[in-house]
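One chain, chain A, appears in both complexes that follow, with chain B as partner in the first and chain C in the second.
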Partner chain A sequence: MLSPLFWIPVLGAALVGFWPGGTPARSRSIAIAVASITLLWTFWLLSQFDISNPGMQFTEFIPWIEPLKLNYRLGVDGLSLPLLFINSLLTWLVIYSGSTQLTRPQFYYALILLVNAGVAGAFLSQNLLLFFLFYEIELIPFYLLIAVWGGKKREYAAMKFLLFTAISGFLILGAFLGMAWLSETPTFAYESLTTQKLPLNTQLILLTAIVVGFSIKIPLVPLHTWLPDAYTEASPGVAILLGGVLAKLGTYGLVRFGLALFPDAWATAAPGLAILGAVSAVYGALSAIAQKDIKRMVAYSSIGHMGYILLACAAATPLSLVGAVSQMVAHSLILAILFHLVGVIETKVGTRDLDLLNGLMSPMRGLPLTSGLLVLGGMASAGIPGLVGFIAEYLVLQGSFSAFPIPTLICVICSGLTAVYFVILINRTCFGKLDNNTAYYPKVQWQERTPALILAALILCLGIQPTWLLRWSEPTINAIVASFPAHSYQIASLSQDSETK
Partner chain B sequence: MVQTPIKSETKLPPSTHEFSGVIHRLEAGGAMLPDTPENLMQIIGLYKAYAVPMDFYWRDLLYIAEREFLNPFPFFKYFLPKEYLELHNHYAGDDADLRIWQKGAATAHPELLAFMEKGETFKMPKLFHHLWHDRINMEFAEACMRAMLWHRGMGGKFDPYLDSDEYKANADRAIKAYFQGNPAMLGLYKLFPDMFLEQVRQLSYYSNLGLFWEVMAPVFFEMSDRYDSGDIKNVPDAMNFLVNGIFAVAGRPIYHHVYIRGEIYEIIPKSKGFMWLYEAALPYVEAVFYRTAPFRGTKSYNAQAKQVPDEQKDFHYGILYADVFPVGTAGIPPTLLMQDMLHFLPPYLVDYYSKHCRGEDDMLIQLGISFQRSMYNVTSAVIQALRQALLYPLDDTNPKHLEANRAFFEAQIDRFKRKEARLRDIQRQEYR
Partner chain C sequence: MSHVLLQTVWLIPCYALTGVILSIPWSPGIIRYTGPRPAGYINLLMTLTAFIHGLLALRATWDLPAQQLVIPWVNVAGLELSIPLEISSITVGVTVLVTFLNLLAQIYAIGYMEMDWGWARFYSLLALFEAGMCSLALCNSLFFSYMILEVLTLGTYLLVGLWFSQPLVVTGARDAFLTKRVGDLLLLMGVLALLPIAGTWNFSELAEWAKTAHISPTTAALLGLALIAGPMGKCAQFPLHLWLDEAMEGPVPSTILRNSVVVATGAWVLVKLQPVLALSPLVTSVTVLVGAVTAIGASLIAIAQIDIKRSLSYTVSAYMGLVFIAVGTQQAEVALMLLLTYALAMALLVMSTGAIVWNGITQDLTQLGGLWSRRPVSALSYIVGAFGLLAVPPFGCFWALLQLADRLWTNESWLFWVVLIVNGLTAFSVTREFGSIFAGKSKAMSQRAPEVHWPMALPMIILMGLTLHVPLLLWQWQLLPDWTTLNITAAVFLVSSSVIGCGVGSLIYLNNNWPKPVKLGYQPLQDLFAYDFYTPQLYRVTIVFVVGLVSNIISAIDRYLVDGIVNFVGLATMFSGQSLKYNVSGQTQFYALTILFGVILLVITMTWPLLIRLSLVLSP
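Up next, the complex of A and B:
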C-alpha cells in the first residue's frame, strides 16, 4: 500500500525519460499522469488512515541485505502522512506548471519524479539505512535540476548545494552508524533502536551529528549559506520542491531521529536549540527585509520560518509539536505559492528587482490575479488570522512560550517583521503606478494560474478549518511526547485543552 | 474651405525646443501626432466611437439644462425622453441651420438607438439597464461639465457673465417660476439663494457643453464617413477638417434656455452673443484636455507633498496627460468613456486591437491610448486654429511673422514638457 508512493514515480521517471521522441508537451502529459496517480494514491491513503492510531500503519517489510541490517521496511504515521501529501501535491503542481518551452523536457520531468520518489521513500522508511539511501537519492536529481535549468549562477549554486548536503549526509550516516553500533541490539530498524540506554554524553554527540546534519538540510543559521543561492538560481518549480519538500525532510528528520530517539539528550540541548531557532528567525527576517530581489526575499523568509519549527521542536510540548507539523505543512503551501507567483512575475515582467517592479495590480495591463494571490501568500506568511500560516504560528508560539518564553517572544517579533518585508514586497510590486513604457506584459495563462489557485484554496481552507490539518498528527505527537522525560515547562497540551472544553 | 498649407521646409533656423520635431511639423501645417496610416486609422476610428455616445451626451445635457433644471430628485435625468432623442441636430441633416456636414442624420445615430434598446446584455426594462451600467455613462459628460464649472476663469465672457446681476435676475425668475406653488422649495431658496444660484450656474454649463458637443458629434461622424470613402487620407487632412469645422461654426451662439410649464426662460439669451469657439470650445479644451482634476480612484495624490499644484491653472490631469492604466474598477469617468466607446468601435479597430498587446482583454486601454492620440489631434487643430485666428499664415514670407508663429507654437508645446505629458509617447507607434 505504501510502496506505490515510491515505485510509481520511479517507473514514471523511467517512462518519461525513455519515451521515444518526447516533446515538452508529451513529456509533461506523461509526467502529469504519473504524478496524478501518485497524488490519487496519497488521497486513498489518507482515506484509509486510522487517525486514532498513533503508531505506524500500513507497514511493509521485505528483508533485503541482512548482513548490513538493511531491510525494506516502510510505515506511515501522523508525522509523515501530512508531509507525504505535501510531497505528492507539490510534485503534481510543479509538473502541471511546467513550461512547454522547456529544454530537455524528458530529463527534467524524470528528475522531478525521482525527487518525488526519493522524498516519499525517506518519509516512509522505517530503517535508518534505507532512510539514508532515500535521503541521498534525491541529492543528485536536485543538483542536476539546479545546474541544468537554473539561472545565471546555477553551477555555483548547484555545487554549493551538493557540497553542503553531502556533508549533511555524512553526518547523518555517521550518527546512524553510531546509533546502531553503540546500542545494545545492533539494528537499523527504527522501532527496535535502543538509543535511550546510551550514556547521555554519547547521546549528545550522536544528537549533535543529527541536528547539524538536518540543520544543513532545513537549513538553519549558520548552516544556511547554500539556501539563498540555490533557491534563487533554481527555476521556480525546483525552488518549490527545495523549500516545500526537501527542507521538510530536514525538520522531519529532527523530530523523527533527534527528538524521538534521544529524548533525554534533546531535553538537555533544548534551550540551545530554542536560541538557535530564534536566531534563525531573526536572521531570516532581517535579511529578507534587506533584499531587493523578491525571490531572494522569499528564500530568506523561509530561513526565518524554519526557525519557528526548531523552536517548537525544542519546546517539545504537545501543542508546540502539533504546531511544528502544522508549520511544516503551512510553510510548504505558502512557500510554494510565493515561489510560483514570483516565477510568474519574473516570466511576464522579466525582472525580480523590487526597484523595477511596480503597479502589477493594474486590472488590465498588470497581473491582477497574480498580485492578489501574492498578497494572500504574503498575508498567510505573516500569520494573518483566517489563513493557514496563522494557526501554525499560533500553535508554535503558544506551545513554546511556557518552555522558552524569551526565544518565543523574539519569534513573535519576527512574525511582525514578516509582515514588514511582505508589505515592502507587495507595496513595491503590486501597488503604485504601472509604467506606460514597460507595461506590455504577456497574459498569465490558466496553466500558470491553476497551481496558485489550488494552493490559495488550501491556504484558506486550512486556515478557516485547521482541524483538517491538525487531526492527522495529534495522536502521533501525543505518543512521542509521552515517551519524553517530564519537564516542568510542559504546561499546555492539546488533550488537556480538549478535556477542559 | 481653409487649407493649411503643407510646407516642405521652414525658413527659420531649426528650433532648439525639446520638441523641435513637433514644432517643425506644426510649422509645416501638420499635427502633433505623426502622420502615419496607423495613427490615422486609430484617431478616425476613435472619433466615430466617441461620436455615438457624444450624440447621447449632448442631447441629455441639454435635456437636463432645459427640462430637469432644478428637480431636487433627478433620479431619471439620464432617461432621455423621445422628444430629445429625436431632437434635430442644428448642424446635421436636411433641415440643419448650417449645412456644413453632409452625411449625418439630424436625429440620434442608429447605432445609439440600437444600443439603447438592448445594451450589451439583452432587452430588459430601462431601469435595469441603468442600474447595471449597461447604458451610455452620462457620468463622464457630467465630469467634463464639472471640470469646466470648477476651473472657471479660463477666458471668454460667458464665465464672468454668470456672476453678473443680469444673470442673477434671469436665474431668479426661472427659479421662482420652477418652484411656483412649492412653498417649501421657495422657502429654501429664500434661506439659501446662493445655493440655488450655483446650481443654475452648473446647469448653464450643462447647456454650454451640450451645445459644444452638438457641433462636435456630426463633425466626428462626418470624418469617419469621409475616411471610409477615402476623402481623408492622412493625419493633417483630419486635422484640417477639424480646423475648418471650428471656423465654420465659431460663431454659433451659446445660451441657456429653460422650459417651465410651456414657457421659455432665457437665463443666458442668444442675444448676449456668446460664441461657440471662445465660450465653449476653448474653455472645454483647457478644462478637459489639459486641467480637469485628479479623478477619485485613479491614483492617490498627496496635496501636502505638493503633488497637487497650488493653482488650478497648473493642473495637468487631462486626457493629454492621463495615465490610461486605471487602478481599481471604481467607475471613474475616463474609464466610463472608454467603456462607452468600446461599444461603438468600427470593425477595423477591433481587428487592430485584437492583434496587439492582450487583444480583447486590454482593448479598453488600447482604445484609451488611441483616444489620447485623437485628442492630441484635436488639440493640434485648436492650436492651428488659434494661430490662424491670432497670428500669421504658415506660408507668410515675413521672417518676423514666422518667428511669432514659432514662439506661439513653442509656448503651446511648453505645456507638454512636464513628464506626465504623453506627447513624447504618442510619437512612438508602439505606445499602445
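Up next, the complex of A and C:
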C-alpha cells in the first residue's frame, strides 16, 4: 500500500531519465504521468485511511540488514498523512508548471521525482535509520536542482544548503545512534524504542541534538542563513519543494522524534523552545520587511511562519499540535502559491526588485489574474480569516496561549508584521501606475495559471471548511499528547485566574 | 412561511456572497464582450433579494423573543467552534438597514461609476461588505465577530484601493489596512485570552458570565483594553483615526456605506462586549476618554478641512466617539439608537456631497459656492441629512442625543458638556460645509455644476424621505421618551447648542460680506487642526520609524553578522586548506621531520601520567 508512494517516483525518475530523445515537452508529459499516478495513489490512501485510528496504518515490514537493525518498515498515521498529500500534490504542480524551455529536462524531472520519492520515504519510514537514509538521500537531488537550474549565485547557495543540511544529518544520526545504543534493547524500530528510562540529562542531550538538527532543516533562527540564498537562487519550482516539502521534514521530525520520543525532556525544554519560536517569528517578519527582492521577502516570511510551528510544538496541547500540523499544510500551500506567482512575475516582467515593479494589477497591460492571486496568497499568509492560514495560526495561538502567553502574544504581533510586508509587496507590485511604455509583458499561459488556481482553490476551501484539514491528525495528536506526562508547567497566570473564580 | 423565513435568515449574507461569486466571470477577460455592467446588476439583484428577505423576516420576528440558531463549523481537540446566530428584531433590523443602504449605494454607484471598468470588483466588494455586516449583526459570538471584522479589514484595503493607479489611493489603502489590522490583532489577543477565562465567546453567555465573574483587576483591565482596541480601529478613534480620512480617496458609493455603517461595525461589537468591559473601571474610563477626546478633537479637525469628503469623515469619527461615550457609560440601547439615526443621516450627507465630487470640477470647499440653485436635490438632501445628524427636534439624532445627554446629566456632568460641545461644533461644521458649497455666489470652479442624473438622485430622494420619517419610526417602536419624563433642561441645552453652532456657522458662511477664507486667530493652531493634529507625522516618527529601523537593523545583522559568521567559517576552512597544501613539498627530509615530531608528540602524550609522576619524584 505505502511502498508505491516511494517506488513509483523512483521508477518514474528512471523512466524519465533514460527515455530516449527527451525534449522538454515529452519529459514533462512522462513526469506528469508518473506524478499523477502518485497523486492518485495518495488520494486512494486518503480514502482508505481510518481517521479514528490513532496508530500506524498500512504498515509494511521487510527485514533488510539485521545486524544494523536497519529494516524496511513503513507506516502512516495522522501526522504524516497530510504531509504526504502535500508532497504528492506539490510535486505534481511543480512538474506541471515546468517550463518548455528547460535545459536538460530529463535530468530535471528525474531529480524532482527522486526528491518526491525521498521525502515520501522519510515520512513513511518507521525505522530511525531508514528515516535517516531517506533524509540524507534527498540532499543530492536538491543540491543538483539548486546548482544546475538556479539563479546567478546558485553554486554558493547550493553549497551552503548542502553543508548546512549535512551537519543537520550528522546531528540527527548521532542522536539516533545514541538513542538506540543507550536504551536497554538496542533497536531502531520506532514503535519499540524506549528512551523514557534514560536519565533526564542524557535525554536532554539527545533532544538537543535532534532539535538543532531539525532546526537547521526547518530552519529556525539563527540556523537559517542557508534558506534565503537557497530559496532565492533556486528556480520557483525547486523553491516550492524546498519550502513546501523539505522544510516540513524538519517540523515533522521535531514532532515525531523530539516531542513523541522525549516527552520529559521536551517538557523541560519547552519554555526555551517557545521563546525560540517567538524569536524566529519576529526575526523572520522583521527581516522580510527590509527586503527589496520579492522572492527573498517570501523566503523570510517562511522563517517567520516556522516560528509559529515551533511555538505550537513547545506548548504541546492537543489544540496547538493540531494547529501545528495544519500550519504545516497551510504554510506549504501558501508558500507554494507565493513562490509560483513570484516566479511568474519574474519570468514575465523580468525583475523581482520591489523598486522596479509597479502596477501589475492593470487589467489590460498588466497581469491582473496573477496579481489577484498574489493578493490572495499574501493575505492568506497574513492570516486573514476565510483563508487556510487563519485557522492554522489561530489554533496554534489559542492552543499555545494558556501554556506560553507571552511568546503567543509576540506571535500575534508578528502576524501583524506579516501584514505589513505583504502590504508593501502588494502595494509596490500590484498597485500603482503601470508604465505604458515599458509594459509589454508576455501573456501568462494556462500552464502557469493552473497551479496557482488549484492552490488558490485549496486555500479558500480549506479556509472556509477547515474540518477537511483538521480531522486527519486529531486522533494521532491526542495519542501523542496522552503519552505526554508533564502538563504541570502549562498553568499560566491567566488560567489561574479562572480557577480562582 | 414566517417560520421558514426566520430559520433561513442566515441566507441574507449568503445572497451577497452569491453575488460575489457570480461576478467573478466579469474579470477583465469577458468585459470586452459584455461590458462591465452585468456584474453590477447581478449584485444589485442579490442585495434586493436580501433586503426583501430581511424585511419579511423582520415582520415575522416582530414581538418574538430572540431565537438562537447554531451552525456547526469546526470541532477539534476539545474546541467547538459553532456559529451562533441570534435572530431578534434588532439583529434582523440591522440586516435590513445594511441591505437597504447597500441597495441605495449600489443604485448610486450605477451613476457614479458610469465610466468605470471595475464594476465587478467594486460591486463584489460592496457585496462582501454587505455580507460581512449582515453576518456580524446576526452572529452572536465574539470569535466570529473578530473573524468578520478581520475580513472587512481586507475588504477596506481592496475597496479603498479600487483605483490603485493613483498614489494617494495606494497609501490610503495601505494605511486603512494596517491601522485596522493593529486594532484587529489587539482584539485577537483579547479573544485568545478570553476563552481560557470565560470559557465561551457567546455574547449572551459572556454577559451572564460577567455578572458573576471574579477576575483580578489587572487581567480585567488588560483584557478590556485589548477588546476595545479592535472597535477603536474600526470606528476611527484617536489614535487610530487617520485611515478614515485617507480612505476618502476611494469611490463615493463605498464611502456611503463606510461612513454610515461600516465604521459602526466596531461600535456594534463594542456594544455587545459592554458587560465584559464593565468588569474593569479602568476600561470603561478609557472607553469614555477615547470617545470624548475623539469626539471633540475630530469635530475641531472637521472644521479645519477644506476637502468636501474629509470634512465629513472627521464628523464620522466624532459621532463614533459619542457612541464610545454611550457604551462607556453603560448605555448600550442609546448607543444602538444613535447608530441607527446617525447612519441614515450620514449616508444622506455623503450622497449629497458625493454628487459634487462626481460632476463638479473641484472638491475644495473654498472654491465652491452658489450651487443652491443648480443642485436643489443635493442641497435639500444636505439640509435634511444635517438636521438628521444634529440635535434638531424632531429629527432622528435629537432623540438619541437627548437620551444620552439625559443620563449623563445626572451621572457624569462633564460628559454632558462634551456632548453639547460636539453637537455645537458639528452644527457649525455642517453649516460651514453647506454654506461653502450651496450658499453664496457661484465661483469660477462652480459655474458648471448641473444636478446629477437619476441613478444618483433617486437614492438621495428615497433616503431623504426615510430620514424625515425616522422620528415616526422611533415613535412606532416606542423608543421616544415619555413627555412626562422628558428632561426639558437637557433638551433645551442640546437644541441651543445646535442653534448656536448653526447660527455662528450661518453668520460666517451664509454671509457674503464675511471675508473668506476664514482664519482662526492663531495660525499654528489652525494648522494643528488642518493637518489633523499632525497625526501622519506622528505615525511617521514613531511606529513607522521604529518598525523600519528595527527591521533594517535585523536585516543588517542577518546579512553581516549571522551570515557573516557562516561565510567566515567557510572562508577560514578554505584558507587553512589552501595554506596547509604547502606542507606537501615532496622532500624526504621534511616528511622525516614531521614523522619525528609526530612520534615525539605521541610518546609524550601516551606517557604523560608517567612523566608527571616522574616530575613529582624529581622535585619533591
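The rule is short, and it goes like this: the second predicted complex is superposed on the first by the 486 of 501 C-alpha atoms of A that agree within 3 Å, B and C clash if a C-alpha of one lies under 4 Å from a C-alpha of the other, contacts with A are read in each partner's own complex, and residues count from 1 in each chain.
To be clear about the criterion, a contact is a pair of C-beta atoms (placed from the backbone, for glycine too) under 8 Å apart; a residue touches a chain by one contact, two chains touch by 3 or more.
In this text the structure is predicted, and so the values were computed from the model without any measurement.
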Q) Just chain B (first), just chain C (second), both, or neither: which does A:A439 touch? A) first
Q) So, does A:T165 touch the first partner chain B, the second partner chain C, both, or neither? A) neither
Q.
Of the two partners chain B and chain C, which one touches more residues belonging to chain A?
A. C
Q: Would you check which partner chain A:F401 touches, where first means chain B only, second means chain C only, and both and neither mean what they say?
A: second
Q.
Tell me the contact category for A:M364 with respect to chain B and chain C: first, second, both or neither.
A. both
Q | Footprint overlap on chain A, comparing chain B with chain C | A | 359, 361-364, 431, 433-434
Q | Touching residues (chain side chain A, partner chain B) in the complex | A | 359, 361-366, 431, 433-434, 436-437, 439-440, 442-443
Q. Taking the complex as given, what residues does chain B use to touch chain A?
A. 299, 323-329, 357-358, 361-362, 364-365, 422, 425, 431-432
Q.
Which residues of chain A touch chain C once you look at their complex with the stated criterion?
A. 160, 163, 221-222, 224-225, 283, 286-291, 317-319, 321-322, 359, 361-364, 368-369, 372, 375, 379, 384-386, 390-391, 395, 397-399, 401-402, 405, 408-409, 412-413, 415-417, 419-420, 423, 427, 430-434, 466-467, 470-471, 474, 477-478, 492, 494-495, 497-498, 500-501
Q) Considering the complex alone, what residue numbers of chain C touch chain A? A) 27-28, 31, 73-79, 117-118, 146-148, 150-151, 153-154, 157-158, 161, 164-167, 169-170, 173-174, 177-178, 181-182, 185, 188-189, 192-193, 195-199, 212-216, 219, 547-548, 550-552, 554-555, 558, 562-563, 566, 570
